[in-house]
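Next up, some structures in structure tokens.
In the two complexes below, subunit A is the common chain; its partner is subunit B in one and subunit C in the other.
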Partner chain A sequence: MKRLRPASSRWTGWLLVARPGALRSAQQQPVSLTLRRQQSTSTATAPASYNTQLDGTDHDRFPPLEPLPPSATSLPSPLPERALRSAKLAALHARLSLPKKLPLQTLARTLVDASADENPKFNNANLAFVGQTLINYHIAEWIMVRYPRLPMAIIWAAMLAYTGPAPLHQVARSWGIESAAVPGGEVDPGLLQYSLEKPGTAIRGFGYKREELDFIDKYKFRQSINSGVIFDDDYGNLIRENAQRQRQEEQDAMDANYDESIEPDHMSYGNEATRSLAENAHANFTRAVVGAIYAHCGRDAVKAFIKSHIMSRTLDFSKLFEFKNPTRELNMLCEREDFDPPIARMLSETGRLSRTPVYVVGIFSGNDKLGEAVGPSLDMARLKAAMNSLKSWYLYSPGGNARLPSDMLAPEARPWQPAYIDIGEVVAR
Partner chain B sequence: MALNSSRSVLSSTCKALQQYSRSSQPLQQSLSRRLLPSAAPIRHFTSSPTCRSDKVPPTPTIFTEDEINAAKNGEQPPAELPEQQPAEPPAERPRWTYTPEKMKGPGFSINIVKDPRRTIWKNNEDPVVVDTMYKRLLGPGGDKMLPDEIKWMAITHKSFDQGRRGFNTRLAYFGRQILALESTREIMVSPAAQGELITDRYNREPFDHPAMANVDKLAFRQPRDLIHKDRVAKLALEVGMMRVVRWKPRLPENLEGSGLTVVLNTAIFAIVGAISLQHGAEVAQRVVREKILKKLGP
Partner chain C sequence: MEAQLIRRPAAATCCTLLSNSTSSATANRLLVVRTTTPTANTRQKSTAARARRALAIPPHPSFLGSPTSSSDRIIFNPPASEASVFHTPYKFLPKSDPRRRVSLPDMFGSATTTKAGTSTTTPSLDASKLPVVKKWAFNTKPHHLTLEDVHEIRRLRAEDPVENTVAKVASRYNCTKLFVMMCSESSREHRDKMRAELEAKRARWGPIRAAAKAARKQRFDMLMRGEL
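Up next, the complex of A and B:
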């Protein structure tokens, strides 16, 4: 019953408000309630102060699975002590093989999004910030060592593919996270709690809002990649500090225009905005777990966790590339590195006069073949061969098991061999 | 060798001869005259080894015994031939000192600029000035922490020389990740300031644990403010980075408007990233904590 996701705030409120007669009937028949409480005693004893009559839920419609604290429905998130009695939470802890040093109360806190509870001591905002910093550092160092020649734009794309909201959302889903329909103090602490109505404060990483942001939006200026390293976020996206407020204003405008007399003939269960909010909530949970492990267990444990859950994902780096003038760029690369100028030669062909010719073209610098490709026409094959040659340069790797700089933080680490540092990609014109 | 074109055979053989007998100019010229009928001057096509890393020495050229003997038994040395002596063998020139010859354009530009004075910008070329800056930033011995090429690459912005001599963008990205993590950790281990309390609207008691108390400090102090770009730029100016960075401002009369802050930040981040890749994270951590975060202040 708690799984359904109603569309707008009107419906949400309607579903959860107890029947007007419920509370009255409960008050008129205190004896039956007391009987019910004795019958439904759970093995874990609740504190004596818990009075099930006043927890705000409707006991006729939804018999409580466990005793709830007083006026639980008025709280934004479950109290920390309820974490010790949640089966879902204990199961999650065991499923992820989390270290024993990580208490259940912290794990419960990682499941509370900032949109559910605005108090930073009860939500996962700060934990998610720490986790995001850690994840981004470890993946960045891994990419730097594994592909030292990768162009900056490709690094951004790779970071988004490993540490962005979408992959972390998938990681959270793969952990078997279920979410509460609407956050509240009465929900199970093992459910992910976030609200679609109140967006909450976004986790703001590093980067600054550009002063010329309005001009960029209006005139579509192009920002340099290098300035993005300082100003933009870890994925090369512009920082917009007013995004949260904008979304809130849009939501308020929609609510103001809502006409109760007109019944909606269709219920949109979700749109792009709600999906992105849900994605961000799941991603923040993943980051918060990483942050919690770091806070309780230290750097080595968190590195092992990131390695097993995030670094283990596969990404085909060669699919991230896009070239505008591959032959020109390859020519400039050969000029810079002082190679012989690249020359395209046909290696083999078939079916030239047929409907489907096949040409195999290789690009040679002197006697060294830089790359080859198959294409349906001579030009296509040459362009593809140029792209493959550039990829073979940019995707140079000393191997997947190259040592990471953070390996030196382990005790008694072997002496460090300097990693290869490339001078940079070709600035293609 | 049979698959080599005659030109590469010529260049590799000439280089081999040069290595073995610098004084024997006539041998070199006689060989060139044998393989190349016209009396054209020798031109080296691949004048430098393919791999340019500081760590890897240039690969020696391969030649056969026959070629040496053939050269030694060659014809009489000619009467006169124009002397071909480059000022310095290009293979020994460090990469940061020159633009690749083939990448140079025709020598003039048909682009009509608004103000020709803006095309003039002089960058530092003196290694001593760079070393001084590194010593001021990283302490004594700071100039020896990075190899020569990396030292120059870390302070080279992408606008320098159209990006043909390398730039520090990638290193700066990695350096930013390092600084982000270190500044976050710095706040988490710093003592909690007195009087920082968040009262709960519902009078709840949060879960009390020292690890969580560390995390809660981030609510009051942002790591972004600790390593704010203006503070990092100020630190860079103090160590004399402005005279050292190699870049091309769009408006030499307005450096701040041309992005001086960004260039200085990029340089500092790139140095941090380079140290991490060169020495490992432990050394980089120490450098960041002692030389950068401490100097930036609380």
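Up next, the complex of A and C:
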């Protein structure tokens, strides 16, 4: 859909150098793990009693369920070596049938949201960015090859329905992910950790900030679809300068308006803001798992994973449409394609003089029927038939087995035959 | 006494008897609608046994199965359903689609691509014999107005928008109201006045009418979203 980096390029920077020694066993490197945490703890060589004072827990009286490292309670997220002893992580690894190449430590890192641990070496922000890129690329090319005539607005809606936060949140829930009440170094590494107090960093996708953004907000400028393809993100939403700051402002405004006397019980079960934070955290975890599979197992494994977990979800594309002037749009389509002008003809009717008549109206171009519909009045049936005709135009599919561009990356792929590409939208919006 | 419209077949027979036997004064009171075949509309039977026998419809052949085979069989008798929008009409298939090359037009019942008499399974449909629901206004674009006409329309609308309403100008120049509105713009005062008039009209609606109008709008929006 938009600019996409080639999947074969080498990922550099934080992504692959992150968590050096993640595979090393805990017995070999207990000291260095503590030392790497220097930026989050003020003194690396603090005694165990110091930590007891830090979080106010008397560990002599309330011993932890598993023997924790001395600095565990003062860390923002669990130590990587604890991933090897977590039953939840092992169960998740087995449940998802993840390849053996993907270590438990990386899987543990995908569960740490940026709001729980700000350090990009220990949270899942980078993996989630890679995962988001891969998911969006594969879903976008699949939608475009499968339904080549879809209008851009419908493609955006379908992208949101497959790769947006809501469906990915559902995917994570279906994997049986549980979340920790409060993130911290002492929680089980198999729990999803995110903070409800601070929003964390938002993943930047592709897109540009528009220069006229302030005027768009002020004067309600209309944006064309074409400019949205170039500037906006994968769902046609405007790129804000700082989505995180905006979310924080919204949160502050919500807090300012919140009146404790009105709904005291409502807050205890969460509200709109906490639900959105949870949704984003779950979605980022799903993306991070995809990114982790790519980083450790490569292109083919990640494609198979996306196909089986995200592409396999059901979406009725015919429900995404909303028309304004279906008869005019159909007429423009027939004019553009050099078909005979469409005419609505009645196929059958019953109960014209009754309280509940039924009309079956078909739209004909010449002698060919383009679509038909049932309605309680002639006008409704006609409009519905026109909409059905337009939908059957837009939902043309070359078939489920059409080859995708990414299929060519496989070794010994057959020569590429160009996919069907439509000339464009019927109505410029 | 007012004339009554009677449509029930039983009443029709008795009214026929009435009009035959009595004078014309009695016949004036009743307006009888006769169908071409009165017996075809008769639903009731004279006896209960006959009614039961008439209502005993034999099951669909798919449910019966052949008497010779005693093995399992598939019952296929789906209810009538709407045509799926995922079945692309033949006309909408692109030139490169392999479905065009196969001789599928018979399946789609297209007369433009089928030679007359070749399709044996499905009789080809003659669309021109079906009644037209509504001629779409934009099917016929005469494009008969010249630049002078457009200037004249503009002048008329600017001169006296109250007297020369959009509908009047459109009927005078034999074009659509949309075209008149496209080529001429009334003054802001006139538009504000019209809008205020409309608002005053709406303000006089009672709760029942307002609710009915809102429901109608909601129904139309649902139709446009494909929810109806």
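As a convention for this text, the second predicted complex is superposed on the first by the 340 of 429 C-alpha atoms of A that agree within 3 Å, B and C clash if a C-alpha of one lies under 4 Å from a C-alpha of the other, contacts with A are read in each partner's own complex, and residues count from 1 in each chain.
Definition applied: contacts are C-beta pairs under 8 Å (C-beta built on N, C-alpha and C of every residue); 3 or more make two chains touch, one makes a residue touch a chain.
Because the structure is a prediction, the values reported are computed rather than measured.
Trainee: Would you check which partner chain A:L96 touches, where first means subunit B only, second means subunit C only, and both and neither mean what they say?
Mentor: A:L96: touches no partner chain.
Trainee: If you stack the two complexes on chain A, which partner ends up touching A:A295: first (subunit B), second (subunit C), both, or neither?
Mentor: Touch status of A:A295: first partner only.
Trainee: According to the contact criterion defined above, which of subunit B and subunit C contacts more residues of subunit A?
Mentor: B
Trainee: Report for A:L383: first if it touches subunit B alone, second if subunit C alone, otherwise both or neither.
Mentor: second
Trainee: Classify the contacts of A:L84 with the two partner chains as first (subunit B alone), second (subunit C alone), both, or neither.
Mentor: In the superposed model, A:L84 contacts neither subunit B nor subunit C.
Trainee: Classify the contacts of A:G424 with the two partner chains as first (subunit B alone), second (subunit C alone), both, or neither.
Mentor: first
Trainee: Once the structures are superposed on A, label A:A166 by its partner contacts, choosing first (subunit B), second (subunit C), both or neither.
Mentor: Neither subunit B nor subunit C is touched by A:A166.
Trainee: Based on the superposed arrangement, let me know which partner A:A153 touches: subunit B (first), subunit C (second), both, or neither?
Mentor: neither
Trainee: Does subunit B (first) or subunit C (second) touch A:V358, or do both, or does neither?
Mentor: Neither: A:V358 stays clear of subunit B and subunit C.
Trainee: Considering only the touch criterion stated at the top, classify A:L238 as touching first (subunit B), second (subunit C), both, or neither.
Mentor: In the superposed model, A:L238 contacts neither subunit B nor subunit C.
Trainee: Mind sorting out which residues of subunit A both subunit B and subunit C touch, each in its own complex?
Mentor: Overlap of subunit B and subunit C footprints on subunit A: residues 339, 366-367, 420.
Trainee: Using the touch definition from the top, list the residues of subunit A that touch subunit C in their complex.
Mentor: 318-319, 321-324, 326-328, 331, 339, 341-347, 361-362, 364-374, 378-384, 387-389, 391-393, 395-398, 420
Trainee: Of all residues in subunit B, which touch subunit A in the complex?
Mentor: Against subunit A, subunit B makes touches at 3-5, 8, 45-48, 50, 52-53, 55, 95, 100, 102-103, 147, 149-150, 153, 157-159, 162-174, 176-178, 180-181, 184, 188, 198, 200-202, 204-207, 209, 211-212, 214-216, 218-219, 223-224, 227, 229, 259, 261-262, 265-266, 269, 273-274, 276-285.
Trainee: Which part of subunit A faces subunit B closely enough to touch in the complex?
Mentor: My answer: residues 74-76, 79-80, 83, 103, 105-106, 109, 119-122, 126-127, 129-130, 133-134, 136-137, 140-141, 144-145, 150, 152, 155, 204-206, 208, 224-227, 229-231, 234, 291, 295-296, 332, 335-340, 366-367, 404-409, 413, 416, 418-424, 427.
Trainee: Which of the residues in subunit C end up touching subunit A in this complex?
Mentor: It is residues 82-83, 85-94, 96-97, 108-112, 124-128, 130-136, 138-139, 223-226, 228 of subunit C that touch subunit A.
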